[in-house]
Each structure stands twice: as C-alpha cells, then as structure tokens.
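Could you have a look at this structure, given as structure tokens, before my questions?
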Amino acid sequence: MARIGVFVCHCGENISATVECDKVAQAAAGFPGVVHSIDYKYMCSDPGQNMIREAIREKNLTGVVVASCSPRMHEPTFRQACSEAGLNPFLCEMANLREHCSWVHEKGEATTKKAIDLVRMMVEKVKRNQPLYPIRVPVTKTALVVGGGIAGIQAALDIANGGNKVIMVEREPSIGGHMSQLSETFPTLDCSQCILTPRMVEVAQHPNITLYTYAELIGLDGFIGNFKAKIRKKAKSVDEKICTGCALCTTKCPQKKIPSEFNEGLGKRTAIYVPFPQAVPNKPVIDKDHCTYYKTGKCKICEKVCPAQAIRFDQPDEIVEVAVGAVVIATGFTIHQTGFFPEYGYGRYPDVLTGLQFERLASASGPTLGEIRRPSDGKIPETIVFISCAGSRDPAKGIEYCSKICCMYIAKHAMLYQHKVHHGKSYVFYMDIRAGGKMYEEFVRRAITEDQVNYVRGRVSKIYERDGKLIVKGVDTLMGAEAVEIEADMVVLATAGIANPGAEELAQTLHVSYDGHHFFSEAHPKLRPVETNTAGIFLAGACQALKDIPESVAQASGAAGKVNILFSKSELTREPLIAVVNRSAPPEYSTCVGCFLCQPACPYQAIEKEEIKDRSGKVIKTVARVNPGLCQGCGTCVAFCRSKSIDIQGYTHEQVLAEVMAVLEND
Amino acid sequence: MENKIFEPKIVAFVCNWCTYAGADLTGTSRIKYAPNVKIVRFPCTGRIDFMLLLKAFGEGADGIIVSGCHPNDCHYTSGNFHARRRWISFRSLLDFLGIDTGRITFSWVSAAEGAKWAALVNDTVSRIKELGPYTDYEKVARYYEEEVNHE
Amino acid sequence: MNEYQTIAAGLLSSGTAAMVIGYSEGSAKRVRPVFFTRPEEASTLVFDSRCVQNIAVYLTKKEIRTEGKIAIIASLPVMRSIIQLASEHQLSEEKIIVIGITPSGEVKQFNGFDALDAYVSSTTIEIEARYREKIEQVEKMTLTERWNFWKNELSACFKCYACRAACPMCYCTRCTVEMNQPQWIPVPSHTLGNFEWHIMRAMHLAGRCVDCNACAEACPLGIPFNLLTKQMILQFKKDFGGYNPSLKGLNILSSYLPDDKENFIQ
Amino acid sequence: MNIGFYPGCSMQGSSPEYNESVQAICSALGISLIEVSDWNCCGATAAHNLNRELSLALPARILAHAAADGLEEVLVPCAACYNRLKMVQHEIGADRKLQDSISEILDEPYQGNARILSILDFLERDVEPLLAEKIMKPLKQKIACYYGCLLVRPQNILDAKRHEDPQSMDHIMQLLGAEAIDWAFKTECCGAGLSVSKTGVVAELSGRILDDAAHRGAKAIIVACPMCHSNLDMRRKAIEQHRNKDFDLPVMYITQAIGLALGIDPVKLGLKRHFVPVNLEL
Amino acid sequence: MIESYLLQSSSLTKLFNKLIETRHIYAPVKKGMVTSFNRVESLEEVAKDYIQTTISAKSILFLRNEILFHYKQENGDVKIMEPDLQRIPELVIWGCRPCDAKSFKSLHSVFNWDYKDIIYSSREARSAIISFSCNQADEYCFCTSAGSGPGHTEGSDILLTKLKSGDYLAEILTEKGQLIRDMIPAIFETPSSESKEDNLARIPIVFDTAGLKQKLEQAWNSELWITQSMRCLGCGACAFVCPSCSCFDIQDEKHGKEGVRSRCWDSCGFSLFTRHTSGHNPRETQAERWRQRIMHKFSYLPDQQGFTGCTGCGRCSRACPADMNIREHLAALINDSTSPENRVA
C-alpha cells in the first residue's frame, strides 16, 4: 500500500497569497494513499526539508509530493532531501503550485481547486513511481575540439593546460580562423595577427594537443564520456614529417591565379600553397581541384623542385577513429557574400565589398599591403560608403537577428580608412549603433568625432554603377527622411554573419540541436550557455551565435572549464530517466515483437537489437533494447511502440495515464 | 447546476523543455490566465501518445492543449517533428470520425514565450467555453449513468 | 493442372517447399485457406476473386511451423503484406517462396524478397472508387453527422477482434487492448471502448496498412471500419506523398521531414 | 497542353497593339491560345482598395472559368492582371475558410489551381526555343529592357528570378540580335499608380527611366506591361517638358520586338499605334 | 401441455400490437447483410425473409455488456449501487428460431448451476419467447444433428409455424404462452388438419450427437484438432454469434471516484482467455483452444448439465472469417481414424 506524504509550500506569500495552502493540505490528506499532509511557509528551507526527512522516517513514507514551485527549480533539492532520509530520490515528485498556479491566477476558489487538482495529479503519479538508480558510465579523458579558430584554440589550450588530452580538427590547411584574416581589432586597434600567432604556435607545440588540419569530422557515435569520433584527414599530398616548410614549391607552381580564400578572393594563390605566411602548420598542401597534375596528369614541378622530396601525389585520404570523452564545437561562422544582395547588384560590382574583404585590404599582409585600393582599377577611393545591417535584422532576407559584430567593425573600418586616406570621405549608413561593450561606445564616438566619419541613420535601397561611380541611394531619417544619393568609389557591406554551410549536417552528425538559422543551440539560453542538449558536447564561439573575439574566448574558456570538470572524475552518473524495453518471464521474454519501427524514430540511435537465446544458444526472439548510455529519455520511441513494450522511466504509461485520470477527476 | 457558468476542463500535454518552461516563465512574469488548464509534463512532444488524448476526452475533458518546442528547437532534435507528423495523421482521423478537433489546440510554445502560453490558454478556454461542454463524447463515455438509472 | 498448381506441386515434390499455403474450395461456395504438404493436394488449389482473405496472416502465426520453406499463393495485397512484414523484421527470406498472382492473372514466382520488393514497389496502393465515394460521402457530412454515423456503426461492434485476427499486420503477441496495466482500452464492447479500439487500430496501421480489406471481410457484423484505414491512406497521399510497402523506405509515421506541412499548429 | 489566354481589358482597350503582337507571334510560331470563356475584369485598378471580397472574387471567377474550360495554364500578358491573379491565387490558396466564402460568392466551388503564366514565363518557356530558327531580321541595336514592378513584385509570391535585376527579356533580346544594356532602372517605378491623379510624379519617375536608358546609349526601351508602356510612350510629351529634354527613344512591347525580328508586318504588330514613332530601321 | 391453434395471417399483426401495448418487443431487424435482434415498435420493422439472424437472441437476456453494479467513493467510503432489477421491462423475443429458443435452456442452466444469477434470471423471468419454425434452411444448418430441429418446441413459449395457406399454426407451449393467448384469445382459432411437419424445412442428419460424445472422449490426442484449427485466426466471432456460448469476463472501469463493474462476453478462442499473469498459457496453441471449444460443447456440458452446448444453428460457420465449418469438422471427428496415441504438439 502506498504511503504518500504531501508537503504544501507557501513560498512566503508567493503561493499562499492566491492559494489557500491549508485547504490544499487538508484536501490532500483525504486522497487515497496519503498518510501525511502538511503546509509550511518555506518547504525548501532547512526546517522545511527537515519536515520532509522526519515524515519519511516517522511515517515510513513510500512517496513524497512537494507542492511548491516548478520542478525545474527545486526538484534536485527535494529529491536530495528524500534521499538523505533513505527514500529513493525518484519517489519524490513536485506539484507546480507557484509558476503554474498561484502566480498566474487570481485569488479564488478556482485557484485553490486547481492547486488541489495539481496535487492529486502528482499523488497519483508518485504512487506509480519506481525507485530508480543513477546510471554510471566511465569517462575517456580526451576532448575533441572541432574548429581551429580563436574559440577552438582557446578551448584546446585551456583543456590541455588542465592536464587533459585534446584532439583538434580543422577543415582548412591552417588553424587561425577568421581572426587571422583581420587587420586590427576593436576597440584597441591592436594587430590581430600579433596577438593570435603566439596562441597558434602554442597549440602546435603543446604536448597534450594533437592537431589534425585539412581534416573533417565525419561521424560521432557514443555518448558522454564515451564518444567515438571518425575524422577524415584529407590528403595534403605533402609528407608533413619531411617537409621543411621552405615554400619553394609555392613559388614555382604554374597555377598562380587561384583566388585566395584567405584574402577573400582579392588576392591569388598557387595550387600548392600555404594559406598565409604565419600559418600553423606552416607547410603547404596541394589543392587537388586546381592542381595541373591532378587535372591533366602532367606537371609535377613541385615534386621536382622540392629539396626534401616531400611531395606525395599518391597520398590517400585517411580516416582515423579516436575515442573521446567530450566534444567542443567551435566551427565558427561565415558571412553572406555580396551576391546575396539583389539591391546591391547581385555581386556584380567589384568595388562593392564585404567587411572581411575590407579587412584584407586594410591588412598589412593583404593583397594591397595595407593600402585601400579599388579591386576594379587599383585607385584609392575618395568616397567610401559603409552599409551596416546588410542582411541582418531584415526579416525579408530571412535574417531577423543582429549580427552583433558589424557596428564595431564598421567603425573600425571607417577609422582605418580615414587614417590611411586622410582626404577621403567616409559614410556609414546605419539603423542603430549597437556598441555595448567595454570601451565600445567610446570607440564609435571616436570614429565620428575624431575621424570625421559621416554617420547617416538610414538604409540604402539600391546601389548601381554609373560612369565608374557607385551610386548609393538611401535615406537620411534624421534629416527629415531626405533621400540621399552618394557617388561612391567603394562600398563596404557589413553583410550578415551566418552559420557555416554544413552546420546543419554537422549538427546531425553530432546529434545536437540547432536553431532555424543553423546556429547550434545551447542547452539553456541563460544558465547553460556552453552546453548543448547532448550531454558531453559543448559550444564555443560564433557557431552558437555571432560574437566578437573577447566573447568567443570567454565562451571557449567556459567550455574548456566544463570539459575539465567532466574529466575531473573517472566515472560519471546520469539520471536514469531513460527508455526501457520490457522483459518478462519465458515463454514471452518481452512483449516486444521486434518490428524496430522505433529505431528510425530515435534521435540518438539508442535502440539496438538483442537476441534472446535459449540454453542451447538458439535465437528464440529478437527484440529491441535501449542502450542506457545513448538514450537521452525523450520517449519518442514510447509513443511509437504499438504493443507498448517500451516505457520511459519517470514518465511511464501508468504514471502519465494516472495523471490524466486524476486531473480530470470529478469532485 | 444548470445555472452555473460552464467552466471547461482542459488538459495540456506539454514537453518539459519548451512549453513547460514557457509556462514557468508565464508564472515568473506574473501574466494571468484562466485556471481551467492543467498541465501534464512529458519529456518531449515525441512522448505524447495519441491514446492519451482519447483518454482525456473519455475522462471528461472539454478541451486539450498539446504543445512543445518549435520546429528545429527540440531538446532532442526531432521529437517534435515526429509528433507533428503524428498529429497531422491523428487529427485528420479524429475529424473523419466526427470527433471535434476544434477542441484540441496544437501549438509550439518556446521556453521564452511565456506571454504566448498565457494567450494560448486564454484563447483555448474562451473557444471551448463557446463550444460548450463536450456532451457528445461524454454521453458515450458515461454510458453507464444512463443505463444504471434506466434500470 | 494450371500454372500455380503445377508450381506448387513441383515445389512440394522436389522438397523445395515443405508447405504450400493457398486457397481451396470451402463450404457454401466460399474458399478457405489451406496448408498443403503433399504434392497431390496441389490440384485442388484455387485462386479467383473470392480469395480476399489475406493469408499472409499465417506466416507469423506460431501454429504454422515447418522445418522447410513455406510457399504461399499470393495476391497483390498478400505480396504487399509480405514485404511490409519483412520490412518489420517479421519474416525471413530463407523461409518463404512467393507464388505471386498479379492482378492481371500472371503467375510470378519470387524466391527472394528483393525481386518481390521491386515488383511491389512498381505498383501503388489505390483505394477503390466505391470506398473513395463512401469516404467522400462521410467527409461531406457535418461534424455531428459524422459523429452520429460512426457512433451508430461502431456501437454495433462486439469486439470479437476478427478484424485484428484477419490482419497480417496485427502480429503483436500482446495487443495494446490486452494491456491492463494501465488499461488503455476498456474490455467491454461499449461505444467508447469501441471508438478507442478502432481509432487505435487505425493509428497502429497508419503507414503500414496494405489495404487488403481482409479486416472488413472478416467482420461478422459488416462494420465499415475499413474506411478509417482507407481514409488515412488517402490522407497520407495528400500530406506526405503516400507510401508503399518497401524494404528500403522508412515507415511514414516513424519518420518525418523538417518541412512537413500542417495548418493547425499555432 | 492547351494554353489558356486571359486578355483582360487593357489588351482590348488601351493597348490593342500588345494583343495584336501577342496574337501575331503566336500564329507565326504555331502556338494556339484558348481564350477563357466569359471572362471578367480582374479588378486590378480599384477593387482591391474598395472591397476585399470583390477583389478576391473577381480573379477567382476568372480562374474558375479557366478550370471549367479544362485549362491547366492561363497566359496573362497584362502585367497588372497577372499580378492580381497571382496574388489572389496565393491568398485564397492558403486559406481554407476564404476558399469557402469565395465559393459561396461564386456559387460554385473555388477551383483556382491553374498555372498562371506571365508573358515572360510564356516567352521563356514556349517561344524562346522556337526563335533561333525563325529570326529573319535580327535587331542589331542597343536596347534597354524595362520590367517595371508588377512582373517581379512581390517577389516571394510571384517567385520572380533575380527580381532586382531580372534577365528573361534581356536573354530574348540577345537572341534576337540586340544588345541588352546593363542599366539601373529595370525595375524602378514608372509611377503608374498615380498615372491619372498625379501626372507630375509620373513625369519625374518615368523621366528618370528614360534618362538612364538614353544615357547608356539605348535606342529603344522594351516593356511587357501596358501601364509601363502608356507612361513611357503616351506621357512622353509631359516627361520631356518636365525634364526640359527630348528623348529619341521609342518604347516597344517585347512581343512587338519579337514580331519585328520574325519579319512580321509592323502594322500587324500594332506598331503604328504608338505616340513615339518606332524607328523601323531598328 | 401443448395446445395448438390456428392463427390467421392477419392475426399476427393483432398479436404483435396487443403485445406491444405492455411489453418491449425484440425482433430480427435487417441492416445491410446483418440481421440482429433489436427493439422494434411495429411489425413492419421486423425482417421478413431470414434463415437465421447474424447474432443470436441470447444478446437480449445475456447482454454483451451487463453492468453488475455502479460504485462511488464518498467521504472515504464506497457506495455501491446495484441495478434496479424491478425496472427490467416485460419483454417478448419475437421471431427467434427453434434452435435459438432451445439454447436458452443451456444458458438458463449455466446461470443457475451452482449460483443463481439474479440479473440473468430476472431478465429471463420477464421475457416470453415467440419463435417461428424454419421453413427454409441453408447448408450451414445442422440442428437435426444437434438435438434440435426446424419445428423444435423446447425453449419457446409459443411456436408459430407458417402454413402453405399463409396462416400460422400456433403452439402454446408454456404458461407464459398461455398468458399471451389469454391477452387476445379471439385470434387463436381451432387448427386445421394441415400437418406441421409438411411445412418445415428438410435438414438432413449428418451425425449422431450421442456417438459424437463417445468419440470425443477418445479423441483428446487426435491430429484433427491441429489440422482443423490450422486456419483458425483466433478471433471470437464464433463465440459471440453463438446462442449457447456463455463465457464472460468481469471488468472494472473507473472514472475518477466512481466506476462500474460489468460482465462482458469472452471467448475461449482468444489466446488471452487462459493466459496467466506469468505469461504461461495452459492452452498455448489455437488447436488446444479449438479442442476446448468442441469438448466443452459436446463433452463437458453433457456431463455436467445433461445436454450439449450447441443447437446446430450454424452461425459460427457462417461468421468464421476462415471458413471453419463446425458441421464438417464434427463429422470428421466422428469418422476420425487417427490413432489416440498421436499427441498434440
């Protein structure tokens, strides 16, 4: 027989102001199976918890219902309290009288009645609860960091410095990411390369870090503490161990006109190339798509000139499998190219640039060695227009969000332009200036007041080319909504930052959720910003949402901290709220008939086949089994199972149906 | 009894991560709504068995709310997509059977949409009030009352 | 002997098959399923428009056990059932020989499921016009009329479960109606229980029903509950592009598309 | 497949030359069009400002007649009619309730699934492939293709390709041997909405279009909309006065240009009906 | 105590109209392919041309779902409300066949065997059975082999046999029958000389019931149980249409604080019928269930009650989706030559 205790909390006056808590406790005392029912001012306080502990001991309770706040708030608290009194923590349930009742309804009979219904519901549920025990799993103390931009670099270094192993996977031939492309950084205008390069080198040299560049993560199986990652190392066609990095090959390669990715297409590179001088590793790779030898079967000049004989045309792609305990995703972002904007010419005008292209123009290591020159004719632009929110905050373009970094880098661009072209005129079209950050607003002010950048509050409707000039048609909303037309020599679009192409695919490979824009979703927008909903997988940097360097670094360190916490124990425990396929005595063994229609429904590939054998080893029946390590407890399989052979602990058929029955019970 | 204002009984089947949390936010934001709706918590909309909806009507529910995470926002990646497909088929089947699907509100309410939850509840309550008690179904469910009195 | 009789006799006499499941003349001008093990019995096999019982149902019954292979005289719906059952891991290819008879009367022997799958995939499930009309007629009713129509029809059901027994897809060893902890479906055959039973049955057949009509043929009371599964087939065509039993495809209800369309989720 | 044809009022009233040229090239290329039976006004001008139900019911009736005629596609050359029909199809198609109430007004079930073809859809798909062999007189001039707004906006409903810089007319003109210039005013407003009430605005807006085309060396403007045509052609005097500048820039329908290249008699193409004379040497 | 009268064809309506003044009448009503006993208000509603109803008349006295009691939890106590049996109306079962009428005898004895079932008995006491002899039969009928016949009188209160003239021979068989006669004595006229037998369907005897029982006692291990039941689908159609099958299940249904306990039909053909909670099933296969069905009707019941649980109505054969024909199978069992040593697998 059930012996249930009900504990109704006033939450100060938060609940008791609209719910008559004493009446609730009284009503609950009359429910079948309830042997103890009280109300108290603060159940979560020490004396409150003591009341629960004492009642469990004295009345030998088999279940506890705490009628107070949301279980999302205090469920761990009360379960802990029960546990301390010797009651299995999963025999404690909470009725949400605060968030779902007292705070949302006026004082009155109906509100108290609802509170009673909610308590009855949880009493009926808890009667059907089973004691559950945490699941223990071992931990592999190696982290996989996907992406070698500043976020990935920071995360890898922090984890490695914490004494744990790291495997870093970077898609490009070099780590460094977007930060390596930047000229100066706001708000200090210090050189991006200068602060980044030492970190890159540290990664390469760290004894705890294994670096795979020119490599991609192609599969991830397993679960927290026990992932198996599959990495494809694309053939570099160069034996890294032998190559000295002299780069002679890159000077002799006949393919010299390939648009350089690093320079955002504004410069050229060869087919065997090092993306940029400070690359880590600083060894060339052959881009097979552009290499003459791979295309025609002839050439091999690089092979001839290589003093170390390091060229390997027959090198295959290599698949490596590694065991890791945690994953940090730091795959970063990309931006819309100018071709995305019909109104700005579909990318037809060479002097309409993206912000990243401007970074390369302004960078001393860029194609113009830091001089601002027009890609079309090499002239120095006399008039330059910067357009913020190009695509961002524009539902018509499918991007409702703010790209967050543009306001700051536009101010920086305009400043850099004014510093380099003293007589030039610069305009910034903006919607609002979002400069929330340490020294950020001051930085923008400096651009306006000291560097004479013309900020025009309004949007640009169209850009077209006429007689060698770019006609920028816009409106100045602060000057009586006057239409403005600027004849510019160069236009820089602060195009929207977007998720990397392939982010969706990666999310599916990793089984993490992502938002409508394919940015990876954090587990909680406020309180769990670096975790994903998949245990053991963490987020760092702009792959989660656009952010600037300091924020990326902070999040990366946060993710690294989480990984190090996870790795601080050799075993971890998980909540047992997972699905289970029933088992019974022979001749049935299980009511599961092994149709496996649940298999495609499981987002975690947690459903396995289990063969039930007789004593002689003959297979009698093949039934489903849920891998407790993989199952996250969504219960989708449960609703699919026709014979109702799968159930989910904590939300069993009996429990939820009892809840429905109880909540609809007539008085 | 007849003079009493009809207060519909509505059960809400919601997922833990979005709508339950959204309803928590409604509370935290102190937005008021009608007390007719009582929430049953599930880990995910993917867990919500269609039979539960039938059982709720059978137990005298006048209306039902089913709500979970917006598409692409599922805590478990795809439970809501599975649920959506299930509801599309189930709903059309119910409609074909003459069961009033107008009494079932399907919705996506995220953890951030506390106001939406309140509005959804209020809308549903007022719609069900207009429709009146679900006597057609209740008569069938409470068949024995008639029979027992009859004999 | 005609073609399928000859094939059946050959399979039995060569020992390739240990049993042939087919139809033979029964009582009162009916046909009945038969389970032949001797080649000389094959000459009494019949196949014609009366063969509406879906004999694929026997392939999953524990009572039908042989050491060797089972050959089955299969109409198109039976072939579909076999593929659907195979896709649900209920049949093993090594145990079954299909003597298929196509709607045009062609006899095709399938020794492996791949060939059968290819044949089945080349056909589509089409709801017969008379049922489509009936469904449209019901759909045109008002909500109350529909409710009364079904209340009237379903209240007659006495839950003999002939529909379930006749359906090859109802092979669960414990049907949900037999579950009593919790008791999902009331055991008595009152109207509510009947509604719940037939709704659950239709939902459990969603995306799996091969539209063989064996359930309705089996119903001693002539209740038109087959309209439910048929309506769902039509609806699936509209909503998800339809389905066909297949070894490769995913079940329509245990899969999804991120852009599935609906117009009712607020 | 039978291609339905909805002429609408402008093809019979203000812009007969458009109709004439459509018919002329179709008969020259052996394409037959079937006129929608008992058609009515699409309501483009005023209905949607005055009465929402009427503005939906008028095009719905046209579509219903097309369906009753068994037409799966309807060519709607007038850009305004095309725009209106597409909008209504979109609006009603997405709303079951609206379908019911429209059915009630029409007194028959709403059937609006016919594919609505703009002149550009039609030319691109059905005419372009036939052209290469049939061109007799290539047009060797610089021309400016002017698309206006009704054929491209709202882009998400009309599903116009490259809506800010459409290309379909440019392609056809290149096929005909002309050089289609790259210019900035392809889809700028000609002021048609204020064509009657505020002619000054029209003169300014249409003037800019002419100005840019002329500046870039175009010898003619090619249009596909009766509204654009009348503003650029009929209102030419007013424009020239407003800008204090003369333009030697005839305005032709694309169908007329095709007709010319096919060697059809200019009179049959209605080219004599224009206010700005069309240089036949084109 | 048989009293015979002539009932003119026009008097049938008079009889019906007289009865309906005071009683509920249940009679065969045809809907589509299905004929079943429904409550009727006029003779026009009654099916004219039927050999046998799809569902037997047992459903009128032995309800598909019978509420045994209704309970409510109140103030920590449970209040039980039993059905008010006094309110069961007087009823007439009109138009059942002699085989159905005979089967009420079997139901009566089951419900009055070791325990008198008051609900069944109250219904029985308040009902009168007016049967119609069979002047046609189909190939499923085998009443003459099952101790009944087309003009069998057992179980009926009045048996009407339609004569060639269109008039009816009315046999008043019981006191209840006499009471009905006395309600409207004028229509009961002196019978003509026409023989009842000449107006009955001819149904050949295919086996001898007594011989069957004897045979079954040795047939426990017969192969036939397996071969006959191979095509059995395991549904309950046969039992549910059967006029004699009386197995039932007791079920509780709870709705909040109240609920009902009811009795509903069950069938020994269901695998669930004997399955234990442990999963063990003493009748594991359909063959064992089929054997149970036949043994119960033709061996155990005769031992316990002195008569068979089958009146040869043939409904189970008609209803069987897999064409299991009981007449054919019983005949085969009688002629069974498989050795008793053969064991059921």
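To keep things simple, chains are lettered A, B, C, D and E as they appear, and every chain counts its residues starting from 1.
Please note the rule applied: contacts are C-beta pairs under 8 Å (C-beta built on N, C-alpha and C of every residue); 3 or more make two chains touch, one makes a residue touch a chain.
Just so you know, these numbers come straight off a predicted model, no measurement behind them.
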{"item": "Number of hops, chain B to chain D, where each hop joins two touching chains", "value": "2"}
{"item": "Touch-network distance, chain C to chain D, counted in steps", "value": "2"}
{"item": "Geometric centre: closest chain by C-alpha means", "value": "B"}
{"item": "Highest C-beta pair count, chain pair", "value": "A-B"}
{"item": "Relative to chain D, chain with the most remote C-alpha centre", "value": "E"}
{"item": "Greatest separation from chain A - chain, by CA centre", "value": "E"}
{"item": "Distance from the mean Cα position of chain C to that of chain B, given in whole angstrom", "value": "34"}
{"item": "Where chain D and chain E are represented by their mean Cα positions, the distance between them in whole Å", "value": "80"}
{"item": "Length of the line joining the C-alpha centres of chain A and chain C, rounded to whole Å", "value": "46"}
{"item": "Where chain B touches two or more other chains at once, by residue number", "value": "50, 55, 59-60, 71-72, 78, 82, 86, 141"}
{"item": "Residue list for chain C, restricted to those that touch at least two other chains", "value": "176, 184, 190, 253-255"}
{"item": "Residue numbers of chain A (touch at least two other chains)", "value": "588, 601, 640, 653, 657, 661, 664-666"}
{"item": "Which pairs of chains touch, using the document's own definition", "value": "A-B, A-C, A-D, A-E, B-C, B-E, C-E"}
{"item": "Residues of chain C that touch chain B when the two form their complex", "value": "135, 138-139, 141, 143-151, 176, 184, 190-192, 195-196, 199-200, 202-203, 206, 227-228, 231-232, 235-236, 239-240, 252-258, 260, 262, 264-266"}
{"item": "In the complex, chain A residues that touch chain D", "value": "342-343, 345-346, 348, 462, 464-466, 471"}
{"item": "Touching residues (chain side chain A, partner chain C) in the complex", "value": "588, 591, 593-601, 622, 640, 642-645, 653-654, 657-658"}
{"item": "Complex contacts: residues of chain C adjacent to chain E", "value": "26-28, 30-35, 53, 57-58, 61-64, 156, 158-162, 164-166, 178, 183, 186-190, 214, 217-218, 220-222"}
{"item": "For the chain E and chain B complex, residues of the former touching the latter", "value": "67, 70, 81, 83-85, 87-88, 253, 255-256, 260, 262"}
